[in-house]
Amino acid sequence: MDTGNGSSEALIRFRLDSRSGVPAYRQLVDQVRHAVALGVLRTGDRLPSVREVVTQITINPNTVHRAYRELEVAGLAEGRPGLGTFVVERGKGGGHGPSEQQGALLAELRSWVAKAGSAGLDIEGVQALFAASLDEVAMPGETGETPHDEKRGRQ
Amino acid sequence: MTWFAWRTQRLQVLVAIGAVAVIAVMLVITGEAYRSAASSPLLTSPSCSTGLSLNCANAFSRLGQANRWVGYAHGLVLAFPALVGVLVGAPIVASEMAHGTNRLAWAQSVSRTRWLAVKLLLSGLAIAVAVGAIVPLLAWWAGASQISRLYPGDFDVTGTVVLGYTLFAFMLGAALGAVIQRVGWAIAAALGVFVGARLWVESFRAHLVAPVSVVLPNGIGPLYSATGLFSVDSPLARGWVLNQGYVALGRTTPAPGQTWTTEFERFQNCFLSISRPRAEALSQCSAQLKLHYVIQYQPLSHYWALQGAESAVFVGAALILLGVTVLAVRRWRT
Amino acid sequence: MTWLAWRGQRAQLVAIVAAVAVFAGWLALSGTADQSAWLAVSHCGQHCSPLALNRLSSADYWTSPNRLVLTFLPGVIGLVLGAPIVAREIEAGTNRFAWTQTIGRTHWLVTKLLVAGIVAAGAVGALDPLLAWWTGAVRNGPRILPMVFSVTGFVDVGYALFAFMLGALLGSVIRRTGWAIVAGVPLFVAARAWVQFSLRAHLAPVATFAGGLPAGSMIVTPSSVSIAYAPEPSALMNDWQLNQGYVPVGLHGPAAGQTWSTGWNALNRCTGPFPNGNLQVLEQYQRRTQHCIASLKLHYVQQYQPPSHYWRIQTAETALFVGAALVLLGLTVFVVRRWRT
Amino acid sequence: MNDTATVIATSGLSKRYGRTWGLQDCTFNLPRGRIAALVGPNGSGKSTLLRMAAGITRPSAGEIRVLGSSPLEQPRDVLARIGYLDQERPLYKTFRVSEMLRVGKELNRRWDDAKAHEYLEDLGIPLASRIGKLSVGQQAQVSLTLCLAKRPELLLLDEPVAALDPLARSQLMQVLLGSVTDEGTTVLLSSHALADLDVVCDYLIILSSSRVLLAGDLESLRAEHRLLVGPRRDRSNVPAGAELVSATDTERQSTWLLRAIGSITAPGSDMVEPTLEEIVLAYLRQQPAGSHSRLAGSRDLSLADDPLDSGEQVRAR
């Protein structure tokens, strides 16, 4: 375990898409989530320090603090004073649904995408439909934000 | 372009012209004060020639006062060609370079040479006209205040040399400004070089025009001065005596390897060793040692020739500096 | 901060000191030449060779240009070093850096002024011992006389400090180094001239000389007849003579509301015009003059400053200029403290 | 707000230059710990405001308190605790970099020499170089280092990245943000690089024509504003509860910036949270052209009354 070693190389590097319209803190949260989902980050891994993130991607330190706080609230990370912020076991603080349910949803979505493809929709078309339905159906978000706060892809 | 040149330099040029005007006023006041003090009939009246009368003392003190003021004006005239020239000349290129505005100017379709020529011509002409205008005034002032015209120090404040000095100082400031690229240091350097150049030229001024020699016959010299030699009206008295001394008969200058004073001691020893009437002793020594006394001097009639020659020297130097400035500006790259 | 003050003006300070050193060397050289030329002449007396006379005239030629330079030197040094203190910073915008640091503006300014001011005063003051020797070597004349007074003693340090502060103040007001110097020159010259011509004579109690040769006594020599109306005792030769004339007996100057010429004019009206004529006529005129002086109750008074007042006047004039410099310092501090864009 | 939470507080702050206003009736509070962007067109009063905060410009009216003190009355209290970077980034051009650091050390009570050296070393700026020989970017870094080494509580940066190349800009911001993260410094910086500011700043002050158009927490401002993109809409058809800030309409399409507290809907149109750039541009667009810095208040000059603007733009508030 290199968890206590503050000087160790950061395991992930954040990047920001300033054109996406997605708030920066949300991008950071999403990137940690993806990394965890893809197995890039595992329990006990240290997230880059706020200073590292700030100087890497020139971002407001408060934004990084906020993203990490959000991850903590979501139970994905844990701040250890003086050491840093660490990825914790999922489920510890609730959050994501059971994985078997996720698998079913994924299978459903895949078949829907295949249907859309045979109906002649290209990737953009699929994305637009997906985004529009996300917009209209209120998701029970962890943050309890209003629907229009959700991300919106734009050209 | 002319407007541009004027717009960037008008403050300096106007201040310089103002300073020249102040000097002109100063010249009129001091010259007139001296003239009126010196023309007081009291000074030549018998009361003053025989001794001191009450009014006479007053007249003399007035003359002394006027003379002091003439002295201050003299100092100003001595200093102003350098100050006016350098202060107007130095910023012409240097201040543009210091502010980087030359990069703007030289990126336009006007060539650098033309840009420089217009700027130099405009302010150069302005101060030349201003200084040129007081040259006649200086001649009047020198006459009114009865300063000698040929002697060093007096020669420098009258005639066309004043204009020559100004143009030289102006181009010196401009050239050093273009080379040093800093106004302050260019001014300091230019003033130093100007003083050096003036002193150097002054050291050979006497030979810019061939001097005249007076040969005194029969050993007559300082050991027995001929009456009238230095009287007020003699050309010698009004001229500028450069050298004098015993030299070999047939020569008007010391023999090679000798100075004007080499033979004096020999002649004096001879003179003192002969116990005969003075004139005879002098004559005998002159024949015996084959020496005669020569006084070399510049007569007043050479005044304008000397003025012309020295002005030409400084104007020529200014032209060389013009070339240097043009070269520096044309070759300038950051 | 002292280091910054030095570093910021290093080039100018060194240049000025070097220039003064070069001039001092020149002064020593030309002064030595002139001194030995004078010595040679004073030894040969009546029988001076042209060699000695030529040497003297060529060496002595430099005396008055040198004195001219010395007259303006403190002013030039002071203005050149003083004007950039604030103006240069404002020109370069660096004041916006310096004045937003923790150090106070007053502290910043006073340190800069102190460092450059000490150099300015030191450069001028270091010349003073040399000048004391030089003025004697080139026979400048009594040092109480105005032109000599101004280039000897320590008053030049006062001039330098005054010019320095004048430059600093003008620089902080005009905010341009060049124009500050240009504006400073006439102001400095005016201040110097005003003090020298109007004020200096009264910086120490004026000494008066009354009487001396009986007025109107006649001096007869084989070739001429002179009548000494204004006695000129040789004792006054080394003094700085201020005013002279006939004033009412008991007074050492003109009575209130009168000038020095009042007495001259009254006496002149009484004696009538100077006569042309032989000795007898002149003797009559002399008696008439004596009679007039007595009946008008006048006596001859000469006002002067004796050489013994030299240091007293030096101190007073130096104090005057240093005091003015302090006032200018206060104004400069005020201007700098108030500076806002 | 109390003094410990507010770093800069202005009220009715105004500056008049002869007949024109440099800043007019400026009132805002900058909370501690923020990185605030000060944006607006050239001549809108950004430098004037920063200079007044640094105590080198005297307000004509109103009041400004920096870290609880008046920069004019108590300059010592303020200057020791702020780092001010002037627009012209003044440095002694003939000094060497090491000498410039010494200047900073001598002029400040609090000075972190090790940190200053570390910054410059990291950036590869040779200490022996003369300032005048450095690139513009390096000079900017030296200027910033001089500010940071004071370990100020508040940084006032007037266009710190202007005229820098993208790499230098990014490096400068990295140094700045790194230091701010360590020290918790509050920053007020003016800039024209709006895209860069978006993720860097969390507080926004928009100045235009020497007036404050908008000031507040960036996140809240984002939440309060919506960018409506959709088929052309009539101006009268502003969604309920919303206020039109500025509109750009084409024949077929409308792009509106709306201000609304709470949720609003506009069926058929996209409704997205605007970026900082979109908010700034929308607010600046609503200002009538040519009204900059007039002595006569431009405050009451409603765009709707301006025949030339033909209702293209609508004023907020």
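All chains are identified by letter, namely A, B, C and D, in their written order; residue positions are counted from 1 within each chain.
Please note the rule applied: contacts are C-beta pairs under 8 Å (C-beta built on N, C-alpha and C of every residue); 3 or more make two chains touch, one makes a residue touch a chain.
Please read all numbers here as calculations on a predicted model, not as lab measurements.
Visitor: To reach chain D from chain C by way of touching chains, what is the minimum number of steps?
Guide: Steps on the shortest route: 1.
Visitor: From chain A, what is the lowest number of touch steps before chain B is reached?
Guide: Steps on the shortest route: 3.
Visitor: Between chain B and chain D, what is the gap in Å from one C-alpha centre to the other?
Guide: That gives a centre separation of 64 Å.
Visitor: For chain B and chain C, what's the span in angstrom between their mean Cα positions?
Guide: 26
Visitor: Roughly how far is chain A from chain C, centre to centre by C-alpha average, rounded to an integer in Å?
Guide: 87
Visitor: Can you work out the whole-Å distance between the CA centroids of chain A and chain D?
Guide: The mean C-alpha positions of chain A and chain D differ by 31 Å.
Visitor: Chains as vertices, touching pairs as edges: which of line, ring, star, complete or other describes this one?
Guide: line
Visitor: Among the chains present, which pairs are found to touch?
Guide: Contact pairs between chains: A-D, B-C, C-D.
Visitor: Which chain B residues qualify as touching chain C in the complex?
Guide: Against chain C, the touching part of chain B is residues 15, 45-47, 50-55, 57-58, 75, 78, 87, 91, 152-153, 183-184, 188, 192, 222, 243-245, 260-261, 264-265, 268.
Visitor: Can you tell me which positions in chain C touch chain B when the two form their complex?
Guide: Interface residues on the chain C side: 15, 19, 49-51, 54, 61, 64-65, 68, 80, 84, 177-178, 182, 219, 224-230, 244, 261, 264, 267-268, 271, 274, 276.
Visitor: Under the stated contact criterion, what part of chain D meets chain A in this complex?
Guide: 33-35, 170, 173-175, 177-178, 180-182, 195-196, 198-202, 219, 222-223, 226, 263, 270-273, 275
Visitor: Along chain C, where are the residues that touch chain D in the complex?
Guide: Within the complex, chain C contacts chain D at residues 1, 3-4, 7-8, 11, 92-105, 108, 339-341.
Visitor: Can you name the residues of chain A that touch chain D in the complex?
Guide: Chain A reaches chain D through residues 16, 18, 21, 23-24, 50-51, 54-63, 146-149, 152, 154.
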